[in-house]
Structure formats: structure tokens, C-alpha cells
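Shared chain: subunit A. Partners: subunit B in the first complex, subunit C in the second.
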Partner chain A sequence: MEKLSFRLTAPNRAGGTRAQTIVGVVASGNLEVLLERSLPAGTCTIDIATAAHGFGAVWDAVVRDFVARRAAGGLRISINDGGARPDTVALRLAQGVRKIEEPER
Partner chain B sequence: MSDWGIQKAALGERLAAGQQHARGKVVPIPSLPAFLKAVIRSGDRVCLEGDNQKQADILASALANLDPRHVHDLHMVQSGVVLPSHLDIFEKGIARRLDFSYSGPQSARIARMLFGGKIELGAVHTYLELFARYFIDLTPNVALIAAVSADKDGNLYTGPNTEDTPTVVEATSYKNGLVVAQVTEIVDKVPRVDIPGDLVHFVVEAGRPFYVEPLFTRDPAAITETQILTAMLAIKGIYAPYGVRRLNHGIGFNTAAIELLLPTYGEKLGLKGKVCTHFALNPHPTIIPAIEAGWVEQIHCFGSEVGMEDYVAARSDVFFTGPDGSLRSNRAFCQTAGLYACDMFIGSTLQIDLEGHSSTVTTSRIAGFGGAPNMGSDPRGRRHPSEPWLKAGAEADPDSNAALRRGRKLVVQIGETFGERNTPLFVERLDALDLAQELKLDLAPVMVYSDDVTHIVTEEGIANLLMCRSKDEREQAIRGVAGYTDIGRARDAKLVDQLRQRGVIRRPEDLGIDPLDADRRLLAARSIKDIMLASGGLYRPPSRFRNW
Partner chain C sequence: MTAATANDVPLSWYEASARQRIDALVDAGSFCEFIGPELREISPHLAIFNLPEQFDDGIVIGRGRLDGAPVLVAAQEGRFMGGAFGEVHGAKLTGLLRAARALKQDVVILFDTGGVRLQEANAGELAIAEIMRAVIEARHSGINVVGLIGGRAGCYGGGSLIAGTCSRLIISEQGRLSVSGPEVIETNKGIEEFDSRDRALVWRTMGGKHRYLIGGADIFVDDQALAFREAAIATLAIRSRFDPNVLQAEQKRLERRLHRFGDVEDAIEIWEVLGIDQPTGIPALPTGAFLRAANKRENADDAR
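And now, the complex of A and B:
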């Protein structure tokens, strides 16, 4: 298990009011993303526990693009990764941001 | 005075030798080993029928069981090296030289044997190319073929899996070669005559059907959201603007996703009747929902597909069928159709380099080509115009005289930026180059050459290589859709942005596609069972695809 942590300045504040949400599943080639609204609006942290070693540079690129493009400000994000491909990671992160914007049902 | 009857005389000798072990044209199974030993000569060029689908498996095993002291140094000229016995023939020293096209499941072993010097490689061909050589310089002395049934005169019924048989028989029999067929059974009258009996010298009643691999069945349950996104990009960003009506689809999950999105996403875009009306295509189960929704007018097939027989027979308005009702496939004709009468090929690959060359070869596997390089190439002999062909030609060369300008076939490579086990699709250098070096080949085995490929589609967007005006632009267009691979991360962001402004690169948002809409609910069938239901129960999936 490799652990990676990022603390990034986030230009766009996460929408909606939900306190937290979760998307995805921990499975081979997939990942679970927990998003909690618990940080100042201009900050996003991402903590990753991954089964795949040696992909730090790819994670760095994926999470930086994510925070720059999506509304991730104020979110504390935790990822349990089962060796997902970067496209799946980017998709789950985007799904998470969309879900936390939705009103509670 | 020359003797002009040497080949005829040699055939006569083989026929007489074979006759010792046959009753009429029929060779009983127990006599098969002695029969083969009698009719095959060391050094013969032998075509053992088999491609990516059907296999003359009984004859293959019998050939592999010959004693190399009696028969050796054969030169195998065959479409597919697929069964273990195909390589046992080389392992045992019965055959030495090989010219072939496809080796899917044996790709690792064939690579080991090439490195080990057990096989002397002629060349790896496309199907159509190997067929062409059967008529010029690789004409078989003996063809060992497969059919469903035969009558006592040797008339053959090949059923839905006719595939390569007419081509192999034509080249062999009309050039004084010997044709031996394995059949499931001998009947009084065959359901239809696929091969006339006077071209077939002997038949072997195998008592069971020849082996067929369900190679074109893709389980929709395994299609990912990213593959759906690439399919949406292809439909909206390529099929729609070019108006692609005549095309061939590759075998992968991305194109399966496209087939399953036609009745849903394609319908929503108003594309029915405007795209995907005519195919050169095997009967993919995943095309059923589109056929049932009235999208497809006509399909010609290279081969059949296990479980699709009844469905095809019930849809003779779409498929080519015989008087007996079943599919008539023909690989040589369908490859020709795909080359000259289709405006687009779209398929997946394993590696793409910075120029746009693509290859499915990795250093430890030689999977061969099959038909993809033929489908995925621009036919220089084409002369008839069509809208997509002219539009692509104009994009590649906007300033020349339109009446003197060649059109271009759309050759699209589609895939995710990372494949299985996180292997990047984009590479600095193709593994095929290392392989060529190690085996001292003149040519690296390239599936689709850079100058044939027109578009690359990944989840990050579409690169239109027709619109690139320099080597540098081309490289950045490829890097610009290469996602988080090393190739993608090393892009020149400014140049990529300029290419995007010009529409050379188009992102999902440039096409009005939200990646979050790439949802499995868009698939017209989400499981094999759904496909079976869509067919009204006519599609009968093989047991390995049934999980209910």
C-alpha cells in the first residue's frame, strides 16, 4: 500500500451544501472516493491509499488537473484505490464533485 | 521437347497413393494417418485451413502426428496459427517455414519458437495479402480444409462459416494441388453447394463439427464508462460530421460500445439512416439492438459467429444468406469490400507512437495482423466518390484542385489512454521495432501505418491527423489526446491549445459532451442476456457467455 497526500489551492469552491458523499467502490481497477466539506473554501486536500506503487507523478498530474478544472474548493477528499486507471480516477473525482453539489434526498 | 504435364502427373500420383486408403473420395478416420503420410511429400507447401474463427482441427492434429522421419520440411501457408497443433507441427520438425496472417491465442508461443529458431518465418501478412500470394508465389500443393457436410462426390456445404474455404480451394485445386476436406458428416445431398465436388479430392468424416472460436462476442457487462465516453466522442465527433454510412468495426470493446449506443445516443442525435447503414462486419452480437431498431440496411460477413446462426438466418434482408437459409460468409470478398467499398475503419490497438504508427505486437507476443491493416488502410486504387471520402480528402489537402484530389478513407484508432494493467497506449517507441531487430526482420510488424491513420480517439478527445500540417503538429496532436501517459504529460501545452483552437483536437466539451453522461445506462443492452432478449431469443450465446 502506498500513501500519497496533496494539499492544493482550489480556484473553484464546491457547490451545494451536502456535508459529505461517497462514490465508487474499492475493487480491482476501481476506487472509492470520500468527499467531506470540512476545509476553507480555497483549499482542497486529497489523501490517497493505493494498491499500485510508483504512480506518484501520474497522481500528481491527475489531482492537479482535477482541482484546477472542477469545483473542489473546501473539500477534504480521501481515496481508497484498487489500481484504477487515471481516466477512471478523473471520472470518479468528477462524479464525486457533482454528487456533493446535489441536494440531500 | 519439354514435358508440360509435370504437375498433373504429380497430382495423379498423390491421388493414386491416397486412393489406397479411401473408398471413393471418402477416407475413414482410422485411415487418416496413413492417408496423410501417402499424399503429403516432404517440402510441400501446405495450407492448413484455419483463421481467427473456423479450424480444420482434425486434420491439424493428424498432420501434427505424422512422423518427421517420413514427412518434414513442410512450408505452411495458412491464415491462422491458432491451435496448439499448428505449432506442434513445427516443434516436431514436420514443418520448417511459415507464412501466415494471424496467431491470436498462440502469440506468446509463436514468439518463443521464432526466437528459438524452430520456425523459419516468411512473412506476417494481412488476410487479403496472403490470399493474393496463394495465386502468385505461395500456391499450396496440398490444402487441408474444413466443411460442415459433404456428399460422396465431394460437394461441400460449409454452412455459415464459409470464410477462407473458396479461396484456398480455388488456388490449390486449379493449380494441380490436392484438396482434402474434413466434414462433420457425409450426407446424400448437401443443403447447398459451397464448393463444387470436382475441386475436392478426398473427404474425411470427422463425426463432429470443426472447431469455431466465438471471437467477436463482447459481453456488454464488461464495457466501462470510459469506453462509453470514447464511443460518444466517435459518434458525435466523427460518424456524424462525415456522415459515415459504409464502414467496418474492429473487435474491441470501444466499437462494441458504439454499436450499443446507436439505438440510444445515436437516436438522440438524429443519426438514424444517416450513419452506419452498410457494414463489412462479422455478425457481432452487439450489433443486434441496432439492427432491431432499424439502423442497419446491409451487412456482408468475413465469417460467422457462434450463436448467431439462427438470428442471421431470420434477418436475410440484412445478411447474405444461401438458398438453405444460412449465412454465406466469404473472407476474401469481405476484405475486398472493406478495403474498397467502406469509407471508414475504426478499431483499437495496443501501442501508438508519436508519428501515429500503431501495433499490436509486444516483445513477447506476435499476434499477427488478420484483416486490420487491410481494413485500416487507404486504398490507392479507389476511384468512386462518396461524401465522407471526399470530405476527408479535402481536409488533408484543402488547396489542390478538387477534381484531381484523391479522397481519403477514414482510419480511426480508438482506445483508452491506459490499457490493461495500466499499460500506456502511447509510447515513444513501438515494441514492434525491438522485435524486428531481434528477429532480423526487414519490416517491423506495424498494424496501421502513420500515413493511413486519420483520427485517434481517446477519453481525452479526438485528434484529427488529416488537419496536421507538419510532423511537429502531428506529434502534439497525438500528445494532446494521450491523457496522463508519459507521452501525454510531456505535451507542449501552448501548441496543443492552438491545435484545439483550430479544431485539430476536439475535447468532449468542444463537442457538447459531458463525460459524466457516459453512463452504462446508455447501452442498448447491458448484458449478453439483454442481447439475447433483443434478438427475440434467436441469438443463442455460447455457454461461456451465459451467467444465468
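And now, the complex of A and C:
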């Protein structure tokens, strides 16, 4: 397993009030993303454990793009990755920030 | 009418994730998870093998309501390591069943498993034994433990043993229930015994229709979350008995089953012996027609 950590300045604060949410599952070509609202509003951390080694530069590009474009401020994001492609990762991250915006039932 | 509080969005049980199934099963908004992913109670073994972990170790447990009644729920995620039982995965289900006994609340187990996780086989096998004991102890104290089978991974290996101890089983056509999986049988006994790539053979040997016809499952439903929900509500309304008479009746039923079907080679022949008209047509029948055709099925009503 390769572990990667990013601490980024987030321009957009995460919406909604949910404390946490989770999307995806750990399977071949898939990943789970756990999002917890536990950081200052202008910060986003992303910790990744991935089965696919040597793709640090790709992860760097995907997570920077995500934090710049989506409302990720204040989120501590933890990822368990089963070797997902960058587009799948971007999709799950987008699903995650959308889900944490949803009102609690 | 129960749909008032259901999440009545059409959802294929087979396609859904563990969390989607729970959301669709219990009354809307009633689920409260125990030991959720944020606690990161992960497997202590997978890292040794350099394998990816999942924060909930492939099983979601908690409490919710079914048509207003409190119920404890466990759902396996069949896509994570085939829904297999490891140490933490198993301990969560054992704990839930013990809580059921203490709280006097019924349990619904959403099976989706290939059995024991090979990377932590000893812990997994022990977990299966503990869970079976916990199911029996819960049932002995009057708790209903209902199994729902219709996931991608089916219900195999140790999972099938646990299913065998449940009060009642609800299954869909897509649900498969068997101790050994198709590949395992082929590997051990040869392709002449069982061709694991013959999908029709797999479905008619282990699939929901066959299990329902021979009394291996009690209720047959469509591959829809709402169908599973309604069947679970109806099933939990029945107080199932559990005493030596029940076990003896089940033993007699299984002996009779072996006597009736022991010599036949294929599921279709079993359906023929059952007296079903046009047994070769069974796999293609839609649910309504199948349930009408299944009126001569074996059942375990006395035993469970």
C-alpha cells in the first residue's frame, strides 16, 4: 500500500451541516471516500491509502483540481483505494461533497 | 400501508450497496449506525498482506425501525473482498446479535458474502462459530433473526451456515445460497461434477427459486428493495418458535428430503419429483407465475 497525504487551502467551504458521510466501496477499480467536517473552513486534508503504487503525481493533480473546483473547505477526507482510475476518483470526491451537503433526515 | 414511511424509490437489491440496502429497508431516516466508518475499526490482518482496508470492514451494523418497530440490522458489502468474514467484520455481527438478546429486539441480516476471508481465516472461522452461537442464543430467548439473501456475492461458505441458523430466510431469484460455491466444487470434484461457467446450472442449483422450492428459503421476492422490506415486515410479525421439537421436525424434514431427492442428478429432476408441471420452464417464470407453480414446494414451516 502506498500512503499519500495532502493539506490544501480550500477556496470554497463545504455546504450543509452533516458531520460526516461516506461514498463508494473498496473494490478493484473502486474506492471509498470518508468525509468528516472537522477542520477550519479554509482547509481540506486528503489522506489516501492506495493499492496502486507510483501514481503520486496523478493523485496530486486530481485532488488539487477537486479542492479548487468543489466545496471542500473544512473537510478531512480519507480514502481507501482499490486502484480506481482518476475519473472514478474525481467522481467519488464530487459525490462525497454533494452528499455531505444533503440535509439530515 | 407501510410505504408511507419507506424510501419508496425503485432499487435493485442485487445492484445496491450495503448502505443503500439498509436505507431502502428500514423506515426512512430511522437508521443509526453502530461503530461507523469514522471510528476506523479496520481489519488488523489485511495490512500484513498489503491489501486495501475498508473503514467499516465490509459490514454496516446499527438500529432502525421497520414499520415503526425497532429492529437491529446488519448488512454485508459484497463488493469489498466478496463480503467475506474477517475478525472485525465477524465481531460486529456477533456483538449485534448479543445486543439483540439484551435489548429484546429482532435482527435482520442482509447477507452478501462468499464466506470466510482467506487472509484471516482462523479469525473468520471463529467468528462464524461465534455468530452461529449468538443467533441460536438470541432465538432461544425469543428473538427473531431473519436473513435476506439477494446480493451479488450470494450467501456462501460460513455465511450459508449462519443463514441455516436463522428463524427465516427471504430470498430473490438472484440470491444464491450454498455452502460451497461453483468454483470450489469444480476445483475439488472436477468439471464433470460441476461446470462453474454453466450459469444456468449455477442458478438452478443454488439460486433463489430452487432454494425456495426445496424449503431452503421461506419467502421468495422480486429483486426490489421494497419487496424485501415488505417481506421482512411480514416475517417479523410471526413469532417463530425455537425448542427441541422444532429441531427434531427440521431433522425429520431433511431426512425426508434426502429420501425423496437423494438419487436425482439435477434440480429439474427434483422439481419433477415435487410434482411441478413443466419443471423445465421454472427458470424463465416471472415471480407471480413462479409462486403459483411453487404451490407443491417443500417447506420448513414446521421446523422454523
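What we mean here is this: the second predicted complex is superposed on the first by the 105 of 105 C-alpha atoms of A that agree within 3 Å, B and C clash if a C-alpha of one lies under 4 Å from a C-alpha of the other, contacts with A are read in each partner's own complex, and residues count from 1 in each chain.
The working rule: a residue touches a chain if its C-beta (ideal position, glycine included) is under 8 Å from a C-beta of that chain, and two chains touch if they have at least 3 such contacts.
Values in this document were obtained by computation on a predicted structure and should not be read as measured data.
With the C-alpha superposition on subunit A as described, subunit C and subunit B fit side by side in the combined arrangement.
Of the two partner chains, subunit C is the only one touched by A:78; subunit B is not. Residue contacts after overlaying the shared chain place A:1 against subunit C, while subunit B stays out of touching range.
When the shared chain is aligned, subunit B comes close enough to touch A:91, but subunit C does not. By the document's definition of touching, of the two partners only subunit C reaches A:22; subunit B does not. Seen from the CA centre of subunit A, subunit B and subunit C lie at an angle of 70° in the overlaid model, rounded to the nearest 10.
When the shared chain is aligned, subunit C comes close enough to touch A:32, but subunit B does not. By the touch criterion defined above, A:68 reaches neither subunit B nor subunit C.
Nowhere in the superposition do the C-alpha atoms of subunit B and subunit C come closer than 5 Å. Residues 52, 55, 57-58, 61-62, 83, 85-88, 91, 94-95, 98 of subunit A are the ones touching subunit B in the complex. Considering their complex, residues 224-226, 416-418, 422, 459, 483-484, 489, 515-516, 518 of subunit B touch subunit A. Remark: subunit C residues 17, 19, 28-29, 36-38, 40, 47, 50-56, 77, 79-80 touch subunit A in the complex.
Per the touch definition, subunit A reaches subunit C in the complex via residues 1, 20, 22, 25-27, 30, 32, 34, 36, 49-51, 78, 80-82, 105.
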